[in-house]
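The chains carry the letters A, B, C, D and E, assigned in the order they are written, with residues numbered from 1 in each.
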Amino acid sequence: MGYAYYPGCSLHGTAKEYDMSSRACLDFLGIEYRELPDWSCCGASSAHSVDHTLAVSLPARNLILAEQMNLPLMTPCTACYSRLRGAHHALRSDPGLARKVLTALGSEYKGRYEPLSILDVLYQYGPEAVGEKVTKKLKELKVACYYGCLLLRPPEYADFDDPENPGKMERLVETTGARAVDWPHRTECCGASLSLSDTKLVVSLATFIVDMAARHGAECIVTACPMCQANLDMRQRGRTKLPVYYVTELLGLAFGLEPKRLGLTTHMVNAMGLLRAKQLA
Amino acid sequence: MIRIGVFVCWCGSNIAGTVDVGKVAEESAKMPGVVHVEQNKYTCSDPGQDSIRKAIKEHRLDRVVVAACSPRMHEMTFRKCAASAGLNQYLVEMANIREHCSWVHSDMSVATPKAVDIVRRAVAKVKRSVPLFPSTIPVEKRALVIGGGIAGIQAALDIAEAGYEVTIVEREPTIGGRMAQLDKTFPTLDCSSCILTPKMVDAASHPGIRILTCSEVEDISGYVGNFQVRLRKRARSIDEARCTACGICISKCPTSRDSEFNMGLGTRKAIYMPFPQAVPNKPTIDREICRHFTEGKCGICQKVCPSGAVDFSQEDQVLNEKFGAVVAATGATQFSVEAYGEYGYGRYPDVITGLELERLISSTGPTDGKIRRPSDGRIPRTVVFIKCVGSRDENKGYPYCSKACCMYTAKHAILLKEKIPGASAYVFYMDVRAGGKDYEEFYQRSQEIGTRYVRGRVSRIYPLDGKLIVQGEDTLLGQRVEVEADLVVLAAAMVPQIDAPEMARKLGISYNQYGFFSEAHPKLRPVETNTAGVFLAGTCQGPKDIPETVAQASAAAVKVISLFAKSELTTNPNVASVDESLCSGCLWCMNVCPYKAIEEKIITERAGKETVTRSVASVNTGLCQGCGACTVACRDGAMNLLGFTNEQILAEVEALCL
Amino acid sequence: MSLDWQPKIVGFTCNWCSYAGADLAGTSRMSYPASVRIIRVPCSGRINPVFVIRAFQRGADGVLVAGCHPGDCHYSTGNMYARRRFQVARRFMEYLGMDPARLEIHWISASEGQKFQEVIRNMTDRIRAMGPNRKMREIL
Amino acid sequence: MCLLKILKTKGKRRMNYLNLSRHEGEWLPFAQAVEAEGGKKVLSCYQCGKCSAGCPVSFAMEEQPHQVIRMVQLGLSDRALNSPTIWRCAGCFTCTTRCPRGVDIAGVMSALRVIALARNVRTSRRAQAFHKVFLSLIKRYGRINEFELVVRYKLASMNLFQDLDLGLRMFMQGKLKPPRGIAGVRQLRSLFRHEKGGKRSGLRLLPGLQLTRHREGV
Amino acid sequence: MNDLREQLREAVASAFSQGRVRSFVCLEKGFYPFASIPAILHSGSEADRVQLGLSDAPLLAKYLLDAPKPAGIVVRQCDALGVSRLIRDRRVKREDLYIVSVSCPGVVDTAKIPVSPYQITALENAGDALLVHTALGRTELPWASVLLDRCLSCVSGSASPDADVVLEGEKEKLPAPVDYSGIDKVEHMTPDERYAMWEKEFAKCIRCFACRNACPACSCRKCSLDLAEPEWLSPAVTLPEQFMFHFTRAYHVAGRCVGCGECERACPVGLPLMKLNRKFTRDIETLFGVDDARIPRDVEVLGTFLPDDPEEFC
């Protein structure tokens, strides 16, 4: 068994620390995975704005590759997660579209496995089991778990957790001993997809979300989405600046892994300061 | 030996004017089996009928065909006539040569041969007719009313007033239902209990009405006039005869839990009365939490009871009783609004439902009629009402409109202003549906006293610094709006009881995709069901407000009364019947029967050496209405419809096509 | 085919709506061709498609099946079954080569005497134009 | 701004009335086109505005999402396609998740974008530039190279200096690397060609690996 | 392939030894070395007669009616549909059955092999091809070209889920849609052409009722067409009566046909009976949105309705 690992474009670029920390955690937990050979871009976040079919056929290619490996496809990137699951869903529910796409790709797709997020994988491994592996408790670290959009919406196919009141990420994070604050805006959109084209707008969104987190006593934000991370990280202009970590980074720390190996040194908002202050790194 | 008599009617010139009656008679005489033919000026007249009786006797006729008007006109007449001459009335067949022939044709040369065909058809059919005997079934003149809400109470009172026995079965410890929980009622704003309690007392004190609380219907069998019903009366642990309702036991009881009656906003003891005016006015012991039953300790109530009415040893009673008619008044319940994660009900204590607000407003409620918000008991200054929570929402709730919410929200807004001067109310709505006498005026009144109606749905609610931030859209303004509320009230949809389908199955009636019971005909038979003798009242049939519910309850009562007015019911003998030798027992017929009149029957028969058992369809003639849908569903031709048998219809076809 | 030729149409009508509709046509003296012969059944749900074949076999030139409008069935659901049965049965008869116009299914309520009249008129005209039915028919 | 005002701002007018009769022929086909591109159940909307209310960016929209839906319902295609709203949509699906009528609002927005691009409606040059660059990169390399994406986009959209500092820092941290192509890129291009209606399919996915019909899972 | 047969043999034997069954419906070698015929075993000792049935396997379901209960049966997908048809029609009870389900690569129809059966010495399943061994040597035919029609539109080659024992072979026939082209051809004719065609076909019918007897959906204890009164069908073999017969037959299985095509194979004069059944199947699918009208349901398609069924009458 094991998983086909689909990093996605961002994880080879701006979100390379997510890639690093994800692999680090998977290795540490001994979860088998193989990078999907010759994977291609899933089209997020552009294809679905240009061509409905293309939006399915781009991810479809990767789904098929994974099916040939006979492994469930897994990705840390929520944007990819959304596109892949969307395509998976479309291929199985819309025969007409499926025929069109699959002929174009010259192959068939049974859809035996649903594409997964790395959080799903960690959940299949089991929060308790994860907790047992924790060597360094992140005591007193107050964390605001931020889900963003694509893990939860549309619930039709992106159904990682309850779309309005999720809790799975909190459970994972709390296994590290950190405390997850209860705050209402964990599913609010930060506008990442407009980050380039509509920066002013996005700044206000990001700032608002970070402020809300701070007002509910969070010292940092944790997310599983490279777009959200980059966006919140780069675009926040609030009084109090909060570092934005990837789930895998915190887990990695709790597993006692080297901050450098987790890419914690390459954040926009200083990610190390807080950790040092708390003697966590 | 078949001896058919054909009686051709002139109907004055109505028939004779365009049909050559003589020719018809002449032709009929040639038809196989016909031994006697006669013409009459007016066959339906006394002389006409006499001549039929005479002919039956003289010519020993065993079948009669009357070629005259539409059977819908005179079939009964001639059947009675034949019966009076000692012939089985179902051996009479009519040939409609008036409405279907003489009246629609002018040319005798075409009308006459057609008339002959029509007679031939009737002859061919009657030849294959067999004597049928309508069975009569007695009517047990006792009505069962399931549910003791306002619908059940009203129906019971009306039936009892007509002099028939009624039993109300209510699963709660008291009758009164939802209406008892309400504070005031729209559009008149008179207090709910002030108009309900008297009715409850009337019902309790009426000699014709028996009230079984803490009781449920376990099983119903039989058919109209003769329902066998098994009831379970749960142990109340109180000897109702002895108890004087002094209430000492309640005051002394150490254990308590959230009060259902107060929608969990207050608490009640383990031995309790849901509310002071409960009927019957006797406490009940909740064995789930009573320490005597949970830990075998305590028993204080028993010690303090002056009349020794507390009886821990009491056991459930099972009653098997017979009823002639059933009124289903099982009511509806409230949509569980947790489904709306974005509104945070359950997470944010100050987000409540309309029914909870009723309890907060009610003087018998947990706050003695002061509107205080659950979280900190503060008096709310700003209250937001959200409509259609669960209604008109196929995504998270139900597509239908719950009908009462628009009005009770208007009512809430008005009451809020009365109770808390200067408080401000916002109502988020999509449409205001105020159809009904004085309703629109009532809604306008709520606007005039300063309620802000915002046209749009609320998207989400979140708490911030002790306030609830309510984010919605004013679609008329085309802009996002935000209200800092102290209290949010969700107008939860009216949904069927969770066990409605189960009840429907017990009653043998159908229900719609949501679980509301289906009436026999949406326009013309709104309180009847497809099962004769079972009637509907109130919200179990669909969302309703109180006036509508009461009206329907009385309507149902009248149906019951008119059923009981008959000494006995004669069943139509034109019912389905099974030829067991042919039936393969696929029971496809069972599925198509709209009256649940077909059931499986196990028969044993000898096959060669061994005796084998197999199942076949069997028809309950009490329930069968004779539609014949089953006969077509039956491939092996085992199912037939008496009076319209396959043999007869095929013969008619042949006769017409000759 | 001579114009005064009268096609033979067998009409299966439910007792509560369509038969009453035909009665109404009569009581209001709405004349229509003397082509139709009615067989009364309690409900359109009682009409077996096989009856229709038998009619054609024995020499009917057309068959009319009539019942209450869906939703108004006296037995609440009979015509719903009839609708399904005849939607497939009719297609199948056409598939066997029967001319579609020879079998018509209509919903005629007790108040639609005029509709009954029109139905018979149109049907008769159409069948007149086609001439006698020879398909599935025994030589008589 | 209220619907009335919108109705006045654009479109053929007679005495400031929006003549709906003129659009009668349009409304069904347009709605169908939108649904075909993934905007599910657009005709079911009853204008409750829950989408607009929950939309994180609707405060920055001239025309609210539900108003755009309304335009589609009325067949005001020009206005819908020209509305900046469809480009403001961040695609967060909050609307779709909460819609009481099961309308896929986000889907409708992207459907409108698709149609707008197809019909070459020049509303949001920036967005168009972005998508153009984005897809061209997939075509060339099979993957997105953010470095090149950003640079080319900035060139295309003519705002060179925005985020320059961020860019530099990222470059230092090695987050912006020069591009590298993948093997299956030819097949990917076929997908694009295919979209243009060109007949080209049945390519092998990977060198050496041919899909077989029967022996899957062995 | 063979080890699958071995497993099957064991399954049957153990079913007897455990006393789960009194009889077992399966396939055994027939007159031709390669073709298989139905058999009802009565003891475990007969277990080695069991064959997988590479070619000409008849549908076994209906033999259950004669098998002493509790009865075991070996099913492919098509048999499984037949069995559930009988269960749905309450002619057999599920609890009286012991179902051993085998995955199936498709069944060869020797009629489609361009070699006289007498010359065939053996048939061999070689993955995507069929090897036909004759005295003269060996010919290779593409697998799909020699399968029974029903296999060309198999619901699923994999073993059926609700079986007591499931045996999976390494190669399975992939599901394929029903081919309605034949129906389309007829539908595109004019009524007169259609009538002429069926007249020609039905004229061949000798009323042997083989179609009825082979059909898993025709399981009435006594067929209504055999009744003297009412005379639904007269014994006179006239053309009109033939239409009556074939209409009634097809109408009675409408919405219940499992698409096995046994009627057609059983017909001695080669009437295209599936052309009749499939017409109903497709109409029912399209009219009432039934996903696969061949699969038996709890409620018969024609024994139920939806208020918003398509309305084409007025």
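The definition used in the following text is that contacts are C-beta pairs under 8 Å (C-beta built on N, C-alpha and C of every residue); 3 or more make two chains touch, one makes a residue touch a chain.
As the structure is a prediction and not an experimental result, all values here were calculated from the model.
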item	value
Chain at the geometric heart of the assembly (C-alpha centres)	B
Maximum centroid distance from chain C, chain identifier (CA atoms)	A
Top chain pair, ranked by number of contacting C-beta pairs	A-D
Separation of mean Cα positions, chain E and chain D [Å, integer]	51
Centre-to-centre distance between chain C and chain A (centres being mean Cα positions), rounded to whole Å	66
Set of chain D residues in contact with two or more other chains	94, 213
Interface hub residues of chain C, defined as touching at least two other chains	49, 54, 71, 77, 81, 85
Multi-partner residues of chain A (at least 2 other chains)	163-164
Chain D residues within the chain B interface of the complex	1-3, 6, 46-55, 58-59, 63-64, 66-67, 94, 98-102
Touching residues (chain side chain E, partner chain C) in the complex	186-187, 191-199, 232, 238-241, 243-244, 246-248, 250-251, 254-255, 276, 279-280, 283-284, 287-288, 301-305, 307, 309-314
Contact footprint of chain D on chain A as seen in their complex	9-10, 12-16, 37-41, 43, 45-55, 57-58, 61, 64-65, 67-68, 70, 103-108, 110, 112, 148-150, 152-156, 158, 163-164, 187-194, 196-199, 201, 205, 234, 266, 268
Touching residues (chain side chain D, partner chain A) in the complex	36-38, 56-57, 60, 87-88, 90-94, 96-97, 104, 106, 110-111, 113-114, 117, 124, 126-127, 130-131, 134-135, 137-138, 142-147, 150, 153, 157, 162-163, 166, 169-170, 173-177, 182-185, 187-188, 190-192, 194-195, 201-206, 209, 211, 213, 216-217
Complex contacts: residues of chain C adjacent to chain E	49-50, 53-54, 57, 70-71, 77, 80-81, 83-89, 91-100, 105-107, 135-138
